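Below are two complexes that have subunit A in common, paired first with subunit B and then with subunit C.
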Partner chain A sequence: MDKLIEQLQHNLSQVVGFIYPNEIELHWGILVVVYPYITGLVAGAFILASLERVFNVKEIMPTYRLALLTALSFLIVAPLPLLLHLGHPERSFEIMITPHLQSAMAMFGFVYIWYLMMVLVLEIWFEYREDLGRWARSGKGWKKYLHYLLTLGSLDHSEKSLRFDHKAVTFITIVGIPSAFLLHGYVGFIFGSIKANPWWSSVLMPIVFLFSAIVSGIALMILVYGLSTLIRGKSIDMACMNKLASYLLYVLIIDLSLETLDFIHRVYESVESINIMGQLISQKLFISLIVVQLLLGTLAPISLLVLSKFLRLPDELKRLLFFLSAILVQIGIFSTRWNVVIGGQLFSKSLRGLTNYKMELLGLEGLLIAIGLLVLPFIILTVMVKILPPWKDQKPAVS
Partner chain B sequence: MDRREMEISRREFFQKAALSGTLLFIIGPKVKDSVAQVTESGETITHHYAMGIQVDKCIGCGRCVNGCKIENNVPREPFFYRTWIERYVITVDGDVVVDSPDGGISGFPETKEKDAILRSFFIPKLCNHCANPPCVQVCPVGATFSTEEGVVLVDKDYCIGCRYCIQACPYGARFLNPETKTADKCTFCYHRLAKGLVPACVEVCPTRARIFGEIGVRSSQLTRFMRFNELQVLKPDLNTEPRVFYANLDGAVK
Partner chain C sequence: MDIIRKIWNALPFPDQTKRLLIIFVFFITGWLVVRHHLVPPTFGQRGYYRAAAVDSIAALPISFVGQSQCVECHVDEGAVKTASYHRDVSCEVCHGPGAKHLDDPSANSLLPAKERTLCTVCHSYTASKPTGFPQIEPLTHNPADPCIKCHNPHDPKPPTTPSACGACHGEIARTKSVSHHASLECTFCHQTQELHKISPRAAIPGKPANRDFCGGCHSRSADSPKEIPRVDMDSHGDGHLCWQCHYPHYPEAL
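Take a look at the complex of A and B:
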């Protein structure tokens, strides 16, 4: 508690103008920034995977299974930042057992379980069922047994059963797209429905969250597909990369348009909160909003992608530009989440002052834990790729 | 009965009425404000509590803030308040300067704008015990709730400490208790109400700037306050329907 008080004393010294005395403590820190960032990656990666299935985009086929596994890896980690942030994590299960149905947050458990079990796990299982059976029969060592276990005893590989698998996957994907929209749109709604906070309270919030999610998911898949292919020593499928980059560009433009619309709408309406919002942007969020989110995270990748699309560049250079854009987009989307979550708490609800956020380095809600939570999905993904190889080009050795 | 007799009896009637009216005015609120949960016939009475703030009477002494901290074991550090006082100074130029040093617990230092003050006043603040409370709406487990009497409470044995309610409160009335790690706020001193007492802040206010009572009870101090003053609530546009009513509230207060 002494540490908290020390931190609050520091915050108090940083206050500009007037804030309510209870507002000196900033309640949602870096972990609550990580949460929407991760769910956004999940929703984005899944929506990308769905494009191949539902809209039959053949070029991005190499990323289909990888995107599903990536989405699952991130989804497994998604509740952790929330759990670590709770005052009483041991009571977290109450959200599922005794949910207060009027609360947007109470839906978390249901949306999460639905998405995890009914969409991702089910889709992955049907997609891999045939392979699992084959690996269970022909594999070696512990993997053979693990694969057998994962088949759940379903070893029927008849024409009819495989047709059913295909149908099931397509059906789940069709259900999955609105579910992915729900997952991340709902996260946006958690913020957008808070009428007490003019920075958050916007009907566009769930939609902006959704499109920024798709942006981040596609950029993530460019990185994951590119890097995993390089690590495996295979050549990158440029048709796939070009298609991913095109999608990234289109969705970035939609995302930028929505954000701009939101901005213009606020400035034009110019309601009571506009002055403090202006101060917030110019004094507290200039670097993270204008420089990182807008210039580095949105306009720079749009320019790079436009260049790589319209100039005749060699493949190597194009790939480099795609990677660079994807990294910039990730930084930009993380800033977007930061600007929403932290930005929304840096001004007083009295609309008369600004406060400060000092991030801890160590500690349960510190930077190191946040970095750990962002690395963890990649560790899970590495393990998952070993168990469920998503590559179509490389069948495991048949004994 | 002739006309003269009629007049006398009328005079007597008015005298008696005035006397009993005065008596009722003195003892009435005491009787009506006391918290009687169950009548003799076994009926349960539901009270609808509210608070009135007479802005003109608050002198910013901070006794309410201190009284509340002592009564409710609110952490003494200057970041946790169930009630606090804000001072508004409106200058000749129209600038509004607001402060609340340590929630006003030790009163207020002299203003810096000494020569340029147009007007200045104190605003006691606390949970508004909204009839349409956004904090209750967002609580994912229902740990915060409105009682039948319209008091908004937090069950500290049930709260998971997600802090969504703190974000949802437009008035900054909630904080996370650093000891229990759960959401905390004004309870209208619910434990005192159950004993027929008024909240601690009302009890200790030396100028009777705070008036506590029941809505709908005709002869109470609160009803009198509500009848003879123009009332305002904080942030009415948010449709939270506060049950803390301010008399003569300046438009600068948010």
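Take a look at the complex of A and C:
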């Protein structure tokens, strides 16, 4: 109790202007920031993988399977921040058994299951079925049995059957792209449809979310592909890297244009909330929005990428610039999520005052848990890569 | 076994999809089974909730019965209270839940609380209460005695008609008494009938209506003592009402 009061007093001392009593403390903290960040990475990585399949972009082939596994690892973690945030996580299954079709929040379980089971897991299964069969026959130890189990006993490797696998993967990818849009567009929709909150309520929200998701997904794949190749002691495929970097640049520009459009639109409309929004940006979000999201997270990587595209630089330096941009983009997208989730709760619904967010370090909704949740996908990915090696170069020359 | 194999092979789609199908059927059946067992039977009958919840709430024991029940027997108290300031305060707010008393009045006596704290829950001073809500400062308002010594709880009008406006508008009176307007009587600015002090809502006092009222002392041409500061009525304050900027009971604050 004392701790609660202490925290309240701290927040009270940061309040500016008039604010209703139940707005002083934020209800959605860092975990709710982590959630859209992670789903964004999932959708982004998957859309990148789909590019290779549907539009047949050969250069980024080396990242195809890796992107699928990365998307899966992050997707497994995606609901955890929400569950940790719930007061009664053990009741969460109820949204699955009594679906409520008119509540966007309540449909999360179905959007999630659709994407996890019908898209990602199925696509990965068809993509790996042939390899799984081979590993099950020629492997040893427990892995052999695990691989056999994963094939579901389907060991038919006739040409007809492999052709079917291929078709299935393409079909699922085509269904998957709108599904990935649905998954992350859905997260944007949740925020965008809150009409009482002028910072969130905007039809552009799902679209902005989507493009920032693609940005973060591509940047993530630059990092994951680059690092995993270095760790394996192989050489990085520069054609693939260049392609990824160009995609990153293009999507960053679209993302920036959309955000600017949103901004201009708000300033031009100048509805009654514009004053408090101005204060929000200039006082509470200055560092995280102007400095981190805009300068460091968007303009800096755009300039770096443009530089590396138009100057004739040695490959090593280029790679370094790509890595740097990718890291900056990750930081930038994380603060984008922060600015949406936290920023939207910092001002009073009276539009007359601002409050403050004080992050916990240790608690269930604290910083350490958030960091844990961001590291967890990489641990899952490592295990997954051990069981389902995505590298084509390890494969004996059978097509 | 053979027959199963025959059917398996006869199904007109690829081997792998048949295996997946089994898994899907397994999951969907699982979902249906779980749903069947965990969703309460009356869920969704009347809306997106368990209809039987209404019955379980209705089955909770009743503790409060409402004022209309009390006045059936306590006609006198009812009559007194209906005409008093406490007409909107229900009996059980002060006397506690009365359901048991209804069953057997003498066995379950509703002992009335007599402490000052019963009354100060509603009447101690808080700035956020609306103008005119009767408030007192418990530490200074006759601290030695229980409230009911002077106020009848069922008809709590003050025992004597207050002489000063501050009896009811304490905060304003205190503020004004330390302001530059301290020398001004309330009634100079507010025309007040005597009735207002007995039954405030029956006679609402007047309030200054326009700038000229203040100009009576503060305009350059006003016929008032020299030490009163003057302003140019034509330009000062852009023609807004004076009290949009100056709090009349504490004019030095802007």
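FYI, the second predicted complex is superposed on the first by the 391 of 399 C-alpha atoms of A that agree within 3 Å, B and C clash if a C-alpha of one lies under 4 Å from a C-alpha of the other, contacts with A are read in each partner's own complex, and residues count from 1 in each chain.
The rule is short, and it goes like this: a residue touches a chain if its C-beta (ideal position, glycine included) is under 8 Å from a C-beta of that chain, and two chains touch if they have at least 3 such contacts.
These figures come from a predicted structure and were not determined experimentally.
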Subunit A as common anchor, with subunit B and subunit C clashing or fitting: clash
Which superposed partner A:Gly87 touches (first subunit B, second subunit C, both, neither): first
Partner chain in contact with A:Arg129 - subunit B first, subunit C second, else both or neither: second
Which superposed partner A:Asn197 touches (first subunit B, second subunit C, both, neither): first
Subunit B versus subunit C as contact partner of A:Asp165, first or second or both or neither: second
Touch count on subunit A, higher of subunit B and subunit C: B
Partner chain in contact with A:Ser154 - subunit B first, subunit C second, else both or neither: second
Partner chain in contact with A:Thr98 - subunit B first, subunit C second, else both or neither: both
Subunit B versus subunit C as contact partner of A:Arg352, first or second or both or neither: first
Clashing subunit B stretch [against subunit C; choices 37-45, 55-63 or 235-243]: 55-63
Overlap of the subunit B and subunit C footprints on subunit A, listed as residue numbers: 94, 98, 100
Touching residues (chain side subunit A, partner subunit C) in the complex: 93-94, 96-98, 100, 117, 122, 125-126, 129, 152-154, 156, 160-161, 164-165
Residues on subunit B engaged by subunit A in the complex (per definition of touch): 77-81, 84, 86, 96-100, 102-103, 125, 134, 136-142, 158-164, 166-176, 178-182, 238, 254
In the complex, subunit C residues that touch subunit A: 14-16, 19-20, 23, 27, 31, 34-35, 38-39, 43-44, 48
Subunit A residues touching subunit B - in the complex, by the definition given at the top: 1, 4-5, 8, 12, 18-25, 27-28, 82, 85-89, 91-92, 94-95, 98-100, 102-106, 108, 190, 194-197, 345, 348-352
